[in-house]
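One structure is given below, encoded as structure tokens.
Each chain carries a letter (A, B, C, D and E) given by its place in the written order, and its residues are counted from 1.
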Amino acid sequence: MNTIYIIFLIFLGGAVFTYFAGKIHKVLQDILFLVSILVPAYLFFANVEIGQNVNLTLGGISLSWGINYFSWLFSLIVLGLGSLAAIYAVGFMKGEKRRGYFYFNFILSIMAMTGILLSRDLVSFFVFWEIMTWSSYLITIYNGNKVQSIGIKYFVFSAIGAYAMLMAIVMVHHITGSFLIGDMIHAYPAMALSMQIWIPIMFLMAFGVKAAMMPLHVWAPGAYSNAPMAYTSVFSGALSKMGIYGMTLVLVTMVNHIPQGVWFREVLAWLGGITAVIGTLWAIQQDDAKKLLAYSSVAQLGYIITGIAIGTELAMLAGLFLAVMHALFKGTLFMVVGAIEKQTGTSNFTEVTGLIRKMPWTFLSALLAIIALAGIPPLGGFVGKWMLYESLITSNHYLLVIVIFFASTAAFLYCYKFLFGFFMGQEEKEWAHVKEAPAVMVLPMLIMALFMLVLGTFPGIILNPINHGLQALGYADSYKHLWDTSIILNSWGNKVVLQPILYSIAGIFLFFIAFLTWKGYKNTRFISTKDISSSGEVPKEDENLTFSVGFMQPFYRAVEPAMRRQIDKYYNAFADGLEATFEFLRRIYTGNGQTYAIYVIVFVVVMLLFKDFLF
Amino acid sequence: MEEVLYNVLGAIATFLVAFVVGMTYGGLNRKITARVQNRKGPPFYQNFIDTLKLASKKSAIHHGVMQHFGPAFLMVTSVMSLLIVPVLTHNQWFPNLNFHGDLIFLLYIMVFGPLGMALGAGQTGNPNSAIGITRGLSQMVGYEIPWVLALVALMIQYHTTSIVGLMAVQAQSGTWLMFSSPFAFIAAVMAMLGMFSYSPFDVVIAPAEIASGPASENGGKYLFTMMSSGSVFAFVKLTLYVDLFMGGADNIVILLVKTFALYMIPVLYSLTTVRYRTEQSIRWFWGWPSFFGLLAILQAVIF
Amino acid sequence: MINDKNSQKIVDIIQNWARKHSIWVLGYGTGCGAIEIPPTMTSRYDAERLGVRGAATPRQADVLLITGYLTTKTLKRVIRVYEQMQDPKYVIGFGSCTINGGMYYDSYNTIKVLDKYLPVDVYINGCMPRPEAVLSGFGQLQKRIAEGRADGAKQYKENLEWYRANQKKIIPNWVMPEYNW
Amino acid sequence: MVGTPVLFIAIPLMAAFLIPLLGMIWKELVRIVPGLVLTYLLILSINLLDHVLAHGPIVEVIAGWGPPIGINLVFSALSGFLVVLMEFLGLLVWAYSYRFKRNVDYEPALKYFLMLMMLITGSVGIVLTGDIFNMFVFIEITSISAYGLTAFYKGRNSAEASFKYVMMGSVASTFLLLAIMIIYAQLGTLNMADIANKIHLMNPTLKIVSYIFFVTALGIEAEIFPLNGWAPDAYAEAPGPVGAAFAGIVVKAAVYAIIRYTYTIFDLSGTFNFLIIIGMITLIIAETAAIRQEKLKRMLAYSSIGQMGLVMVAFGFGTEEGVFAALFLMLNHAIIKSLLFFSGSYLTYNSTDKKISEVNGMSKFLPITSLLFALGAFAIVGLPPFAGFWSKLAVMTAAADSNMILIMALVLIVSVVELVYYLRVVNRVYFYKKEADVKPKRPTVNALIVMITLGAIILLVGFYPDAVTGLLHKASAGLMDKTQYIHNVLSVR
Amino acid sequence: MDSTLFSYLDYAVYGTAVIVMLIGFYGAMVKKSLLKIVIGLSVIDSGLNLLIVAIGYYKGGTAPIFSQGFLENFKSVSKMTDPVPQALVLTAIVIGFGVTAVALALVIRLYRHHGTLNIDEIKNLKW
């Protein structure tokens, strides 16, 4: 049997067995869960050859599964992050209820994402897409009835997107007579103009929903923040990348071949930029870390969309590299929040403070992830951001670059808020009992943090596969020689040499740390955070002076006019209006049998009156 | 290896020069302020005495490891950006790393320090620090907009993102960019007012209101590091402006003249104004300075 | 080399010179004497030319300037602030009230002799002392610093028990972090 | 060949009338005999279908008079498929309602199973017959047993629902008879194949009028808007398994009749568009009405109506893919909606109002039932990898091939609405707190087996649609080939 | 009998049937009493049956009864009225009877529960 079948069988069987194993023993369930994620991941990377295809026929539709360099790149995100998140999830779900339910859907969504990447035909793509949607939906509503409306919002948006995609798929099938992606791509340039425009739009709707693109992003903050954090790291890190994956395919293989494609790309790029700004502004406002990260995810996905939409080689590299980085750092950050929530029971900045000494490893990974998120050298986020800016500037998107820059500068505010809110501030008696999260949770975070650090100086590790992927999509290969020397270069010939920068930063940093530590070492003492200079007053032990309510208020006051209008409100008004209409419509069924009988007569009479028109 | 050593020695030399010049400029600022206020004022070397005193404080306290990291991060920013910005053209003693990074890199390394410092200040647990930091970061978002507008205008006009490239442009044409791209210069200078956070943009460290904000728990060696870093950073900023808009400097005298002339803009402006609230300053930066930035981009696109 | 006594002396001289010319003052302005500080600092008397400058927090300050009487209530804060300052640090008692209670000599609610609670390096006499007197007081302090005689903090450390005993007499509910330099 | 199609009518009718007699011997026989009969018929139908798929349709002449004079039964791939489906569902309904609620007692059980047998017989007859008046008779048999089953509970609501049904049913039979008489007066024959052969001789106006009367009459059973006023009430007030039987058996038969008239008998030009229009209206009104329902069974009923509208739309494409999609949809709807009715009735077992809020938190008490309900809900909205997806894909493909882009968009938008209300209920089952006064009832073993069987079929079709697609393709090809049908029937002597 | 007169008569039968049906419809659709509705439905049935029988009849037809010598005298076959509608009417009458019985049973039940026969007040199930 082909490895691809084995992978899916393990996923499926593992999901079912894991679900029921909880009835036998909890540890067995954990082990089964890990096995059913890690073994397929191993098999995938070890045994699935790039370019190999398996074909099968189901329900009279010929399906094809296989992998190319481009999807292999995304499978790195999915299975890599998925495996780490799975390890983390074992720690996270310890002692939680409904573990079987969670594990089942976790495995299924990983399977679905793998399936999406393996699909070479539209039907299995759609099937896996929908499985991914509902399994992630089921995890989103894991926390019970208070998240019901959030979950339904997520599902409705996903469904609208997916159904748009379904329309596109069947239209493609109508035109080409085949469901294979390759056939679609071949037939696309010869299609009628309206099809050439509508098919990508409908595909992009589906992908835009998953990639949380404005104005389809309103589900994302709620869904990201209410799913269990062990899953949200996958949700935001990997699942949203499926939207990016599809978007890239549509843009590169279809839209680029028509002259109107430039409009698609401009519009998408701007939507991405606006998404970034909106996400950032709202993230700054949040007092709940989950919400903050959720909005931040929306913003980060905006950058990625912009990069992909610009579509030059550098921009593609930037977008895809940012996608990988986003998976890493947002995965880590959601895990951090999960660990904190697990240890303290809350994820609200106004409640938890001063955990830095209680959870040092968690803090370290959070710190590195935040630095990467903010795009500050020498971590990986900078490489992506740099390439994004350079590609925007060199492709003359000078206003867009300002928008993006504004978003990423404002991102510092929430970056700092995140770190400060949890780890800084006064250490409280209330949280004195808090311990570092168990190793099984800390380890995945640290591994990812390490990756971010390495990628900041040696981005070639990821840029090489990206390059392969781009070549598979038909891009030239103008930057390949750089990765070994860890230089990033734009198309005007300006560059950043990463290695000396890392060494300089490390050298300077270590020198001054040494200076600060060594100088007067004997007379330097550690004092508690209660011992602060607050006009001679001594804060009591149970008194918390940490500044955490209304944290970024000055900034908010400056941007408030822009934030009064929420897209969400319009959607809600629309939904309310619809429901009112439905309520009105169903009053046709009056409940009076005679009325119904009269309807019959009326029906007949109307038919008879319009018979010449109808028949 | 030898090259590395040479680089390191050069970097140390640059650092010393930057330190001295920055400190002196700080002292001169105090002196000028005093003279304007009809005072005698401290000697111009007063800042040296202050830092020396801070360095010679016998004891120090800290609230955790991040309080060490914060000033160190600040220093990383100052020194790294010093290494990226070409101090003197055609001078073998200041080789630096300026071919290893470009303007975008510089922009990002310049926010590295404030964020690191913010972390250090955050761990002290003093609410005043956090308040100061929120103000500082918000204000940063404000002035980055005109600043980046100006820089993007330069980049797209001259098709280079590197500082050296922009200096080469000026050397070639013989015209300073402040004349050939006046709007960019105006926007950048207005942004510089925010960068120096002198009055009216000094709400960040308002001493009486929030007890000097981020620095409120730092004394002794920590404050020393922060002050030195600030001085070096002031020098870096001035040099960067000189490089970008005034054609750079061949020797140290020209550099000093140009930087001092530039430095007088925020200093003198601060003497005539009173403090803005944070949102007021943000809105100020998004008003005229950004307008000039947009004009600069327009100019860059048209010409 | 650093441990060498002579070089240590040279270092001390330089350091004391720096300390002398850079005096960052934390004014504890609860008493009426605080009104004399602004004229001292501003244009007319311009203490900054001597290197005297206000400090925002005790962490950064060198001198604790106690302007006027201390009540039993404010003493605790003053002690706290003093203990939060970092070595080397000095105390200036400002006005008659800090010396012997001044016009509040018979008040039940004020501290009469500051020296019993905090090690005062320099007293500035007067009720109120004019800015000239304040400047002269700073000059005295500078002299003492340069000579290395401004060692109030050292005394405080050495006689901590005595000071504590006095302080605790005034302050009944003593809840403060330990002073453990 | 092990039997003839007439057994599908003869045996259950006989059994139905024998039940009271057998009940006198041993009361349990009242419950057992229908099961045996239905099992036998299921096996028989599968055998026959197997035969038919291999050798072509069976046309059976009854009472010695060959077509076009006598009555004949046609067991083709299409009708065979429907017969198998109906017998299978009938068997499941029987197994499910073995001791369901009032059926524990002898007297109600007797009535119940008698009427159920009649219902199934009538529906199977509608599908099998090749004679329009015979079809009328079968429709009436079905209707009368359906009235009885609707009023099975002795509450006032069930009587009300049943009375509405009776009213509309009477009107329906009037129109049906009128239509039959118009055709007979014009062509002098009642045999479908013969009518199809001669239909071009008919007066065009009368042809249209008779078609409209047919559609009206059958549309009442097939739940076409605005003829479906009875449906939500009847579904809601009849016992749960009867709801499943209505959705899976009666409605299917009525829809079969409509498409038989549309595809085979009449040669009108606008019928397909007409089907699409009424189907779309039905779909939209029903799904929008469903989203605001407070009662679970009413919601399911409206959903059922909407699905039938979609089936109409799919038939309205007029292409073989469309027919295939519609048949697939009918199959899926029969299976899944039955599962939903079965599990839904246990979720609201002891409640009188059947409020949706009463299913809150049932997953703790009825884990398997809840899981199956969720499975059904996911399947019916067309989420892969469950059965509903393939039919939705088929419908969409057929629509695209007919260039019905607006229809596609509307159907999909309505699907979103459908999604919302099903998810709301599933969320209630799983994530809400149980209401204090609700007493859950564990499903009996037979009910559980029935539901699990249906769930397994949903999964089977979902993962391996080839299990049914071959048959459905043959059935749809058979429906499309009108001349072959006429030839098959008329050549029998 | 005059043939034109007969054709008028023919139309009169059809007309009567239609009128009876319309009366029935009026009763079923307009009257509020359940009993009157049931009666209306029965009247519709009667009208319909009349119509069907009328369709099968033609002038001078004999009863469609097979008798001795039927096959020899082919003419008599063509002179018979059409037997099929009559058969159908028999079936329809039976069915109509059944439906009426069910309806009346339900009316009794409804009256017992609601205490009224007004259909406007029997609207528990709606929307």
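One rule holds in what follows: contacts are C-beta pairs under 8 Å (C-beta built on N, C-alpha and C of every residue); 3 or more make two chains touch, one makes a residue touch a chain.
Everything numeric here is computed off the predicted structure, so don't read it as measured data.
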Intersection of contact sets, subunit C vs subunit D, gives A
Label-sorted list of chains bordering both subunit B and subunit D is A
Most heavily contacting pair of chains is A-B
In terms of CA centroids, furthest away from subunit B sits chain E
Per mean C-alpha coordinates, the chain lying farthest from subunit C is E
Reported most central chain by Cα centroids is A
So, in whole Å, the Cα centroid of subunit A is separated from that of subunit D by 44
Rounded to the nearest Å, the gap between Cα centres of subunit D and subunit E is 29
Expressed in whole Å, how far the mean CA point of subunit A lies from that of subunit C is 58
Rounded to the nearest Å, the gap separating the Cα centres of subunit C and subunit E is 118
For subunit E, residue numbers touching 2 or more other chains are 28, 37, 122, 124-125, 127
Touching two or more other chains in subunit C are residues 57, 59, 87, 181
Flagged in subunit A as touching 2+ other chains are 523, 525, 527-528, 530-531, 533, 586, 589, 591, 593-594, 597, 601
So the touching chain pairs work out to A-B, A-C, A-D, A-E, B-C, D-E
Listed in rising order, subunit D residues that touch subunit A in their complex are 160, 163-164, 167-168, 171-172, 175, 205, 208-209, 211-213, 215-216, 219-220, 226-227, 229-230, 232-233, 268-271, 273-274, 285, 288-289, 291-292, 378, 383-385, 389-390, 392-393, 396-397, 399-401, 403, 405, 408-409, 412-413, 415-417, 419-420, 423-424, 427-428, 430-433, 464-466, 469, 473
The answer for subunit E against subunit A in the complex is residues 25, 28-29, 32, 37, 119-120, 122-127
Listed in rising order, subunit C residues that touch subunit B in their complex are 14-15, 18-19, 21-22, 24, 42-43, 46, 48-49, 51, 53-54, 56-57, 59-62, 86-88, 181
The residues of subunit A that touch subunit E in their complex are 586-587, 589-594, 597-598, 601
As the complex stands, subunit B meets subunit A at residues 55, 57-66, 68-69, 71-73, 75-76, 79-80, 83, 97, 99-102, 104-105, 108-109, 111-112, 115, 118-119, 122-128, 130-131, 133-135, 137-138, 140-142, 144-145, 148-149, 152-153, 155-156, 159-162, 165, 211, 216-217, 220-222, 225, 277-279, 282-283, 286, 297, 300-301
